[in-house]
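Here chain A shows up in two complexes: once beside chain B, once beside chain C.
After this line comes the complex of A and B, so read on.
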C-alpha cells in the first residue's frame, strides 16, 4: 500500500496535471491553433517575406534588404506616404470635431433626440460598396450636387479634380462615420454629473464656459481614444480611394495601402508589398502603444 | 422620458437670453439639415432605381421619377444574378458565425472559468494581436491562405473567422461577469464542463452573442476587397460581385440599373437594423471600449 502511495509522487503528477488542466486546455487548443495558423503565421511571414523575392513558380529566394531598397527608391512611395499623412490630417481637421459638436448639440435637444440618434446611425449601416456607388453619382458632373449648384445659379464643381479629390473622399467618409462616433460621445455625455452644470451655473458660468470647462474635460479620455483609433483607421484607408478614384487623378489619392495592394496584385511583387507592410507594421504598432499610454493617462485625468 | 428628464448643459434660465435662443435655433436647424442629408441617399437611391435612363441625363435631374419603372429591377436581375451572390454571402456568414462563436466561445469560457496553466501568457498570446493592424499582414495573409490551398474555398473565410481577438475579449469580459457559484453547483451535481458551457454560459450570454452575430453580419456584408481577392467568379459574395461587375472603374452600366441593385443590397442591413436597433447601438458602446 505504501509503495502505491509513492508512485504518483515519483512521476511528478504529469497525469495528474493533465487531468487537472484537461478541460481548460481542451477548450483552448483549437483557438490557439487557429490564432497560430491564421494570425501569427501571417504576421511573421510578412516580416520574413520582406527579405525574400516571392515567386510561386520558381520558389522564394532570399534577397536581403533589396525589397526595402526597391520600395524606398520608388518615387510613388513618398507620394503615397505624403498623401496618407495629408489624408489623416485633413480627416481630423474636417471630420474629428464634428461628432463631438453633434453629440453636445443632440444631447441638448428637447424633442426627437431618439430619432436624431437613429437617423445619425443610418449611414453606418450602408455597405461600403453601396456607399461608394451612391457618392459616385452624387459627385458626378451631372449628379444631384451639381444640379443643385446650377439651380442656385452657381457653376458646376469638379469633385474629382487633382485639388479636390482628397477632400471629396474625406467628406464622404466623414459623412458615413460620424453618426456612430456621435452615439459613442452621447453615451459618454450622459455620464457627466448634472450637478456640475447646476453648480457652475449658480456661480455664473455661461453655456460656453460650461461646455469648455466641464463637458469637454469630462470626455477628454474618450476624445483621445477615438482620435487614436481614427488615426489608425485612416492610415490604413484605401478602399474608397480604390473604388472612387483608383488612386488618381495623377496619384493625388494614392494612399500607402493602395500602393501596397497594387504592388502585390497588379505587379505581383509580393516581396516589395510585404516590405511595405512591415514598415507600416512597425509604425502602427508604435502608434497603438502610444494610444494605450494616452488612454491610461486620459482615464486618470 | 420627458418627465424623468434631467437638465442637460443648458437650463431653463439660459433660454431667457436672446443670444442663447438664437444659437439654439441655429443648432436645431443644423441638426435637421444633417439628418436630412443622412436620409437623402436612401431615398435618392430608391427613387433613382425607378427612373428611366433619360431622366438621369436631363439636367437638372428630377428628384421623383416621372413614372415608377419597376422593370428596372427585372432588367437588373437578368443582368446580375443577385440571388446567387446573396446565397454565397449567407453561406460565408453562417459558416463564420458557427466557427467563430464555437471556438472563441470555448476559449473565452476556458480563460474565464477553467484551470489553465500560464493563463496570463495565453491571454496575452490572443489579445496582443489587437495591437497589430490588419493592413500590415494583408498581403502575407493572402499568401498564407494560398499556401494552405484555401483560396477560392469557403474555408478561407470560416477558419480565419475564429482568429478574432476582439470577439474573444468581448466574450471573455462577459463570461467574467457570470458568478462562479453557478458553475460550481452544476459541477457538484455532476455536470461536465461542456455541459456547463452549453447549458449555463451560452444561454446567459445571449445579448452579447446577438451583438457579435450582428457585428459578424455587417463585416461579411460590407467586405468586398478581401473576398474579391480570395474568391473567384461564381463564389463571390454580393459586395465583391457588385465591385467587380457593377461599380468597377469605367463601368458603363446604366445608373438606374445600378441603383436597383444597390437598393436590393441595402434592404437586408436596413431591415436588420430596424429589428435589432437596440443591440446594434448597444454593441457600439461595447465597441468603443475596444481601444
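After this line comes the complex of A and C, so read on.
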C-alpha cells in the first residue's frame, strides 16, 4: 500500500523535499542569527582584541603578543590556573557522584518518588542572589551551622579560612546544581529495561549487585557526558567566588574567570582579559577534541 | 536551484548582520578626536546634528535621573528640566536612569549609552579623564558667572593639570561612624572626638561582644574597598601610596607609616575586635553596622548614617561621626577625600556638552536649588526619614548662599546634625593618582593575610612583597603624560 502510494508521487516528491528544506531553514534563521551575533561574533572579536590595546574612545592599538606576555608574566595568573584546577578536581570528587547517588536512591524508592524528585530539584529554582545571601548566612560566624555547633559545645567553624574557603564554595555549588543533574539521571534510569531488574531479582541479586551490574553500566555514557559538562562548567566558575569571597583570602579562591573579570572590569584591561579568554578558548577546544576522539576510539573498540 | 537561492539569501543575511555590527565597532573605536565625532548612541542624541556655529539649532541631551523610587528627587528634576527649557527652548532633555558604577562605566562608554551628564565620585576623576570619557569643562567654567564661587576644597579632585573636569555637588573626607547605642548598652563612655589609634582600639574592645556576634569595629576585608579602608590609616600615620618623580611611579606604602597602619590591623585582629570573618565588602559592612553587629565603620561621612537611620531603623541620636583617629594626641585626623560630582560625557558633541553644562549649573546658587532641597527634606519627613546633609558642599559655608542653606536646614526637625567640633578636626587627602584600584586590590590580599593569620607574621615582609608586585606589574607600566 505504502509502496503504491510512493511510486506515483516520486517526481513531485522532490519539490516537496525542497519545500521541506525551505521551511526548515526558515525556522533555523533566528537561531543562526542569535548564535552568530551573540556567540560567534564575540568569540571572534575576543580573539582579535587579544592582540589590541583596547580603548573605546581613542581607538584600539595593535600590540601583537604583548597582552599574552603581560598575562603570562602575572603571578596571579598561575595562582588562578592552579586554583581552577583544584576547584575542578575537588568538585568532581565531592560533588559529581551526588546526583548519581540521589537519582539511584530516588528510583529505588517505592513511595514518594514524585515528592523526592521535587525536593531534589528545589535548590535549582532558587534565584542566585537569594542563594548567595542564604549561604552567607549559613556560613556566618553566628549563623545556623555555627550556632548549632556551639549548642553542642563545639567550637565555631571558620568557613572562610584559607584551608576551608574552597570547600565551602564547592558544597554551596554542589547543593545548588545537583537537582538538575539528578533529574537527567532519573530520566536515564527510567529507560533502563525493567526486565533486567526482574531477571536479576529472580536470580537473587541484591540492591548493590543490581546497581553495580545493571544501573551503572546502563548510564555509563550519560555519566561521561555529564562529567565532561561539569568539567567545562567548573573550569569557568566565578560567580560564587565573586559573591562569597571575591577571590580571597589572599587569592585562595581566585579562579581563572574571576581574574579575567577583574582584568576587564576593575583594571579596564580589556586586551589582557581577551587574551586570557582566548587562551581558555583554545585549551577548552583542544580538550573537547581530545575527548571526542577518545570517545570515538572507545566506541570503535 | 531554489536551494542555492535560499543558501545565498541566508549568507546575505549573515553578512548584513555582520556588517551592521562592524559598523558600530568602527564608529566607537575610531579615534574620537574628542567632540568632532557625532555621537552614535541613544535615540535622543541622534537628532542633534553637530554644528559649530548655530547655537539655536535643536540639541538633545540625556539627563541623569534618580532611581524610580526616589519620587521627590525625580519630580524636582522634571521641574528643573522645565525651568531650563523655558530659558533654552532649543534643548530637549530626556531623563534616563543609570546609576554610575565603576564596573559598568566601560560598557556604557563602549556602547555610548551613558547620559550626556552624569553623577560620579571623587575617586573616579583620574580614570574618567585618563580614558577621555569626560569632557574638559575649563572654558565653560571660565564663562560661568558663579564659576569662581565654587568651594575650592570640593573642586580639588576634578582639577587636573590646571584643567577642570567636574562640577562638585558635595564632598567629604572618610570618617568613622559610631553606633552610640552599643556604648550605652555596655555602660562605657564615648571616646573623645579628637581620639587616637589607642583610643580606637580601647573603644572597640569596650563594645566588642563576639558571643552576640558584635564586633568592635568592621574593617572591610574584601574587594578594593578593603584597601581603600586601610589607606585611611596609612594617611593618618603620615604615609603615601606612591611617589611620582622623573616620570616614574614608585610604590611607597611599604614605609614606616605603612607598617604602623598594618600593625594597627594586626592589633585589632589579635584583640579579637573585628568580625570573625574577613569576607566583608562595603555592602556587607554597611549591613552589619545597621544590624547593630558592629560598633564602628569607615565610610564617607553621612553614608553609613543615612543608611543605618533610614533603612536600618537606627535612631538618629544613636549615630555619631568621628574623624579618622590620629596616631598621637593632637595629631592630624586625615581621611581619604571623597564626594559626588557632575561630569559631562566626553563622547557627546560640543553642542550637547555645552547644553549639558548649562543645564547642570543652571540652578547652582539659586533659590530654586534651595527650594528643591526644602521639598526633599519635607518629602523625607512625610516618609518618616531623616535628611543627612553632606559636610562640604559646592558653596563656601561662610558665603551668603551657605547661610541661606543653613536656614533651610534649620526649618526642619528631621535633619541630621553633625557635631560642630567635627568640622574643625576633619582633614582629607586626595587619593593616589595612578592605578589606585590595582593597589587597593593588592592591599586586599595583604589585609586578608593579616586577618587570617595565626600567630606571628612578618608585616614588613608582607608590605614589601605587595609593593614589589604592584611595582613590577602595575606602576612600572604607567605612562605619565608629558
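Convention: the second predicted complex is superposed on the first by the 244 of 301 C-alpha atoms of A that agree within 3 Å, B and C clash if a C-alpha of one lies under 4 Å from a C-alpha of the other, contacts with A are read in each partner's own complex, and residues count from 1 in each chain.
Quick note on the criterion: contacts are C-beta pairs under 8 Å (C-beta built on N, C-alpha and C of every residue); 3 or more make two chains touch, one makes a residue touch a chain.
These numbers come from a predicted model, not from an experiment.
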item	value
Side-by-side fit of chain B and chain C on chain A, or clash	clash
Chain B versus chain C as contact partner of A:58, first or second or both or neither	second
Which superposed partner A:21 touches (first chain B, second chain C, both, neither)	both
First, second, both or neither for A:32, with chain B first and chain C second	both
Touched partner set for A:41, first chain B, second chain C, both or neither	both
Which of chain B and chain C A:270 touches, first, second, both or neither	both
Chain B versus chain C as contact partner of A:262, first or second or both or neither	second
Partner chain in contact with A:142 - chain B first, chain C second, else both or neither	both
Which superposed partner A:249 touches (first chain B, second chain C, both, neither)	second
Dominant toucher of chain A (residue count), chain B or chain C	B
Touching partner for A:201 - first (chain B), second (chain C), both, neither	first
Listed stretches 153-161, 243-251 or 261-269 of chain B, narrowed to the one that overlaps chain C	243-251
Chain B and chain C contact sites that coincide on chain A, given as residue numbers	21, 25, 32, 37, 41, 45, 56, 136, 142, 246, 264-265, 270
Chain A to chain C touching residues, read off their complex	18, 21-22, 25, 29, 32-33, 36-37, 41, 45, 55-60, 73-75, 136, 139-142, 156, 158-162, 244-246, 248-251, 262, 264-268, 270
Footprint of chain B on chain A - complex, ascending	17, 20-21, 23-25, 27-28, 30-32, 34-35, 37-43, 45-46, 49, 54, 56, 102, 104-109, 114-123, 125-130, 132-134, 136-138, 142-144, 147-148, 150-151, 175, 179-180, 183-184, 187, 194, 197-198, 201, 207, 210-211, 214-215, 222, 225-226, 228-229, 232, 235-236, 239, 242-243, 246, 257, 260-261, 264-265, 270, 273-274, 277-278, 280-281, 284-285, 288-289, 291-292, 295
Contacting residues of chain C [partner chain A, same complex]	2-3, 6, 10, 13-14, 17-18, 21, 25, 28-32, 103, 106, 109-110, 127, 131-133, 210, 212-213, 221-224, 275-279, 281, 284, 346-347, 437-438, 441, 444-446, 448-449, 451-452, 469, 473
For the chain B and chain A complex, residues of the former touching the latter	1, 6-11, 13-14, 20, 23-24, 27-28, 30-31, 34-35, 37-39, 41-42, 44-45, 48, 56-57, 59-61, 103-104, 106-107, 109-111, 114-117, 122, 125-126, 129, 131-144, 146, 148, 159-160, 162-163, 165, 168, 192-194, 197, 218, 221-225, 229, 239, 242-243, 246-247, 249, 255, 258-259, 262, 265-266, 269-270, 272-273, 277, 280-281, 284-285, 288, 291
